[in-house]
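Order of writing sets the labels: A, B and C. Residues in every chain begin at 1.
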Amino acid sequence: MDGATLRVRDGSITALIGPNGAGKTTLFNVVSGFLRPDRGTVRFAGRDIAGMPPHRIARLGVVRTFQLTRVLGKMSVLDNVLMASPDQPAENLARAIFLPLRARRRERQIRAEALAVLDRVGLAAMAGEYAATLSGGQRKLLELARALMARPRLLLLDEPMAGVNPVLGRRLLDHIRELRSEEGVTILFIEHDMDVVMGVSDAIVVMAEGRVIAEGAPAEVRADPRVIDAYLGVGAPAA
Amino acid sequence: MHEFLQTTVNGLSSGSIYALAAIGLTLVYGILKLVNFAHGDFMTLGAYVAFAVNVSAGMHLALAIAAALAAVAATGLAFEFAVWRPMRRRGAGMLQLLLMSLGLAFVVRYMIQLEWTGASQKLHVDPFQAWHPFDLTISRIQVIVMATAGVLLTLVAVLLKTTTLGKSMRALSDNFDLAEVSGIDTGRVISVTWLLAGGLAGLAGVFAAIHQTTFDPDTGFRLLLSVFAAVILGGIGSAYGALAGGLLLGLVQEWSTIGGVIQPSYKDAVGFLILIVVLLVRPQGIFGRATRAA
Amino acid sequence: MDALLSTGFWFLVLTFTGVNVIFVMGLNLQVGETGLLNFGHVAFMATGAYAMGLMLTHGVHVAIAIPAALLAGALLGIVLGVPTLRLRADYFAITTIAAGEILRTVILNEGDTTGGPQGLISASGPWRGFNRDVLRFAEDHFGWDLDRRVPLLVLTWAVAVVVGLFLLYVTRSPWGRVLRAVRENEEAAAAVGKAVFSYKLQALALGGAIGALAGVFFTFASTTLYPENFLPIVTFTGFAILILGGIGSYVGVTVGAVLISFVVSGTRLIDFPIDPEKVAALRFVIIGLVIMLFMAFRPQGLLGKKEELHLGP
């Protein structure tokens, strides 16, 4: 990736598109700290976060999901979500040992919160199951739930719709819109389905060969000749 | 200078033993993703088969070496069919196989002890006969080890380089899936790999037994960590790397004693320290390429 | 029955079984909960044992020596973990064995301090006097005529139970939940803000302190420490216990330790028609087979949960 410059406006839903190998996931990895950039900056809420370790970036509110889901298969669905809470002091060993009552009280609140999040993505009924038993689409939803539990300010979704059946997919899209409107979460998502991209996003960033070649409102991007040339022209997914 | 040359000779002879053992270990790892903790005990088995032929049956050492090679090669192949292939079919994970190899190591080592007791044994080699070219001391043992190992290592290197089978082996070790779709008969290559790994381990075991003058059921396992060090030095999965890594490890262990700064009794520890340092600084090995994530 | 099979002998066997329970519980925190394949766990036991032995032979009070020995185990975990915890599971395993062997080589060669191959004699120091006081107290106040090995047996098992309860308590806390998340998928844990490396280090250090605690009791029970008490096979026997009992299960660890102890020592009860040395070899063949068969057919062990067993990629 080289010379990719983009801005994601606070409170927007921005789609990141481009042909395979354009560097979309690499960009996610750099922003979320999983890859250290050789040079360049990543600014979030006025702070340079480039090169910070992933967990610190996540703590600042930049939370990602993965293209290939990474559910914690040998743990319950509920534990998958509980684990993501940013606010359980008993994740510190000393507090877990010496302040068990406070931990338990906090745990009750977190549990209610986690069940609400699971309910929102339609997995509440599965809360007690091992995550390994979920279908591919359900795993995507669980990843989303886990990301939400971490209280993101900027949510990076890597192909959230891939492998999700259309009914679930529509529900997922509704959630994404709700998140923005009700909680002010900024969303950047990678997606190949142009219907989804055009339907839900208020800005689009187009990448090709590691560069950002266009950005703007859906209508502008759709009309941009460079985009048509580099992306929509060359065997792009059916729009 | 003299001390340097002497330790170089010593290092080459112990290093060629590491190299022989390391090639099989690294190929098995590369091709089957199996970290084989029983490899050291394969070496021990080689030493004891040689003992049975050379001492118990009173036959020539060369015959004993050949018998060790054949017997351990067969053992390697037998475990492939009895243990590893069925486990792979069941989709066993890497750690599951690793722990199983640990169990197998116990079984092999203590079966040996059951048969030959835990007492230390010797092969029929005169440990005191030596030559003194340029004021150096080169024992008959070192000559046997270096000459035989040198010939065999060259042979293996040529086999891996030129024959179709050797090339397939390296291809599988490099990238299993890619090699498989390109039409390599993986079952056959795996079988040959086990024959080669077992045979070389058996040889290494006999040479180790000769080199140390005495051996016991723990001999191979004690060497295993150094063999791992050689494999990692050379870049795990790379046969040439293991060869070079083995020789280098032997040399460095011996060189470390130059000048008396480090006592010879710390030689093994020096090897382990190198292992740790290489893993930290260059986990792909000194000769490995910096590619392929876990 | 000969003298070897007296009740006193059995008290000693059971004491070492208790030491093994403590040892493997520390291992389980690392392997079972956190997914760290620590093949050098014996190094922590050696650290605890020799730290204890050296302090006691130099007149340090037991009440100070025990926490100091635990701290030494935890410190070893940190020193070992900081550079190595970023390595892949198999590399980490090999590195930890190497570290353990380096430590043993040092103990073997620094004989002026450690006694080297001749052993660290009277390492249990004032423990014997304390033991005598306990026995006298039991006799004077309760009229009990106890075997001299009983106090240590009771204490070791009491500590094993406390350690087990403590580990159950902390691993069921949110802290333990993060450990399991790290075991399942480090990247997923990091992506929601968990400091993966720090948790791994904590598990290694706490497990190391528990391994050192096993070393403390090993010192009490054996009085003289030898480097060959701390060969890699000690760790591997620990893995056999863990696999047999069930990776992840603290009750399983206890059951596994008792069963393996029976295989190693209890089989002396049975009068085999073969050479004693062959019996000794046969025991370890059985341990090897237990590892292999359980890994093949019941990797969750006797008491582990199959659904929660994580055996890596």
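By our rule, a residue touches a chain if its C-beta (ideal position, glycine included) is under 8 Å from a C-beta of that chain, and two chains touch if they have at least 3 such contacts.
Computed from a predicted structure; not experimentally measured.
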On the document's contact criterion, could you list the chains that touch chain A and likewise touch chain C?
none
If you average the C-alpha positions per chain, which one ends up nearest the average over all of them?
C
Just how far, in Å, is the C-alpha centre of chain C from the one of chain A?
43
In angstrom, rounded to a whole number, how far apart do the mean CA points of chain B and chain C lie?
31
So the centre of each chain is just the mean of its C-alpha atoms; given that, what is the distance between chain A and chain B in Å?
48
If you look at chain B, which of its residues touch at least two other chains?
none
Which residues of chain C touch chain A in the complex?
169-170, 173-178, 180-181, 184-185, 187-196, 202, 206, 307-310
Taking the touch rule as given, give the residues of chain C at its contact with chain B in the complex, in rising order.
37, 83-84, 87-91, 93-95, 97-99, 101-102, 105-106, 108-109, 232, 236, 239-240, 243, 277-278, 280-285, 287-293, 295-296, 299, 311-313
In the complex, the residues of chain A that touch chain C are 32-34, 53-56, 58-59, 63-66, 70-75, 79, 82-84, 86, 88, 90-93, 96-97, 100, 103, 107, 130, 132, 146-147, 149-150
Chain C-facing residues of chain B, complex:
35, 83, 86-87, 90, 92-96, 98-100, 102-111, 113-114, 117-118, 221, 225, 228-229, 232, 263, 265-266, 268-269, 272-273, 275-276, 279-280, 283, 294
